[in-house]
Amino acid sequence: MKSIRFRPQPLQHDTRYIKDMETGFIWHQCSMRTLYADTDRANVVYHANYLRYFEFGRASLLRDANYPYKEIEESGYVYPIIDLAITFFHPLYYDDPMFIHTRPAEIERIKLQFDYIITHGESGIIICKGFTKHCALNNRRTPTAIDAKTRILWQSFPHKIEEKKGTL
Amino acid sequence: MKSIRFRPQPLQHDTRYIKDMETGFIWHQCSMRTLYADTDRANVVYHANYLRYFEFGRASLLRDANYPYKEIEESGYVYPIIDLAITFFHPLYYDDPMFIHTRPAEIERIKLQFDYIITHGESGIIICKGFTKHCALNNRRTPTAIDAKTRILWQSFPHKIEEKKGTL
Amino acid sequence: MKSIRFRPQPLQHDTRYIKDMETGFIWHQCSMRTLYADTDRANVVYHANYLRYFEFGRASLLRDANYPYKEIEESGYVYPIIDLAITFFHPLYYDDPMFIHTRPAEIERIKLQFDYIITHGESGIIICKGFTKHCALNNRRTPTAIDAKTRILWQSFPHKIEEKKGTL
Amino acid sequence: MKSIRFRPQPLQHDTRYIKDMETGFIWHQCSMRTLYADTDRANVVYHANYLRYFEFGRASLLRDANYPYKEIEESGYVYPIIDLAITFFHPLYYDDPMFIHTRPAEIERIKLQFDYIITHGESGIIICKGFTKHCALNNRRTPTAIDAKTRILWQSFPHKIEEKKGTL
């Protein structure tokens, strides 16, 4: 199957982030291993379980940005997924280590998107890429403008700094 | 592996229930098929997924008793699981049909238990047995006496009628 | 949130299929209910679980077409997912009934696609739409031409007959 | 609800293990956080997901003992679960950190058991305890004597050393 270009290089001063040498983008990076529970009888990870890995990536990024998703909800907002997609290049097998790369992508008035790339933890081969698009809802579950703190998080995510200053 | 004795015979006038000819007990019966999502790389259903089948059995019993669990919660109670166990005799494979047999078992002042037996939908072989024990909690999440309607359901479940009248 | 047009009408002689009066397309239809296991703390079905519903729709369609996926695999082929997407319009809640509509969509030499639309089982409201794209692999796990029987299934699916003869 | 006594104290020279000051037993310890995917509409972790945490504990113990379960299977054995139980004391909520404590318990000729205790990662409160009992199967999926390497692992697990020498 086809693939995409992605050449992650760890940032010297902060190993929670990598720089993609193909695009210059900064991505958050976290890692985990597949469980038996994740596999199916074809011997590989069942496709739906990648959404669990994406959630782990998203949650880790937000925590490392000092704004855990739990606090976002405590402040009166929820960000349910309104759109998602995954493209698979290679399977993950049982007990495989993986890197989950997550990046805040587009942001609109009431919607925002996370992008994901999962690579094999040893070979570095690209397993899949995908995105989840979220809509801000308030306490009454109606669409609303993205909360200020999340918007700041989006703006202050390393790749923005890097783009401006070239220093990260 | 060892096994248990269980000889289900459909009730003539209501196919949602069976009588176990070994014990005389009446059990609720529902059926479903395993999905690819349920299997693991050993080619069989991953053990945790049987708890999902148990939930389906329990929910089906309650619905057929005209007291869906959703209504129980709407009346201000929740019945979280405080104890559970499963004993496995044979695996289920992909696309296998199964019968899930569920029975209201012990009931105390604030606790109640469901028993389960899953059989293969074609061979009738016993796959596993298990139970879930639940504790009644009120709106403030503190243990409380089992609600009246659930208690009635327990008393009116067919096997009680059968035991009294021998007619079901 | 936005929505799509979809006006399913049961086929008189075969309730396993519906006709979408908006497009004229025939869709396979099956139904199930959400479980507690499917929900998350936002009170709704967790997004990844819709892929499980899609699998159920796909498996039901293949079974009703007399070519269960299990047999496809027994014949030496697997059809892993290489691409998927879901767009959500409304959430499903606990114990909600749903209709899962599935349709064989594009077919190429080695790839094929299923489309899905899930509607609420009572209100008929559209919950989500999505697709899964699969690639045919042979026993050595290399891409291969779609097997003859699956190709026939694709061609003989009702909507083709309907398009030619207008009679289904 | 009731509780059990468990007073874990980190081992100075190896933080992957703790000593329970109540019983003197050594337990392996690993940690993770709950995900949104793990919760249900009662706002807590759905009971079946604790089996996933148990698997993570078991896999981590085996890896730290230099005998990853993947290698066990590669050597021609599988250890399916034939019995399991969980007792719940307190719920876990979204984003809660937890410690998973795992210990090799009974071992017979063809069966072995892991015990588990999960505690809250901050308060230390005991969330649940449980066990999984496994049966050794060979390549033909028939019960067989536990493989030599697993048996050695059992014997060399720290708590045995500690019991003999009091030095770990």
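For reference, chains read A, B, C and D in written order, and residue numbers begin at 1 within each chain.
The working rule: contacts are C-beta pairs under 8 Å (C-beta built on N, C-alpha and C of every residue); 3 or more make two chains touch, one makes a residue touch a chain.
Quick caveat: nothing in here was measured; it's all calculated off a predicted structure.
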Copies chain C and chain D touch via same or different residues, half shared test: same
Pair joined by the larger number of C-beta contacts - A-B, A-C: A-C
For chain A paired with chain C, centre-to-centre distance based on mean C-alpha positions, whole Å: 28
Chain centre separation (chain A, chain B; CA means) in Å: 39
Where chain C touches two or more other chains, by residue: 36-37, 42, 44, 48, 51-52, 94
Of all residues in chain C, those that touch chain D in their complex: 36-37, 39-44, 46, 48, 93-94
Chain C residues touching chain A - in the complex, by the definition given at the top: 1, 42, 44, 47-49, 51-52, 78, 80-88, 91, 132, 135, 143
Contact footprint of chain A on chain D as seen in their complex: 33, 35-37, 51-52, 55-56, 59, 68-70, 94-95
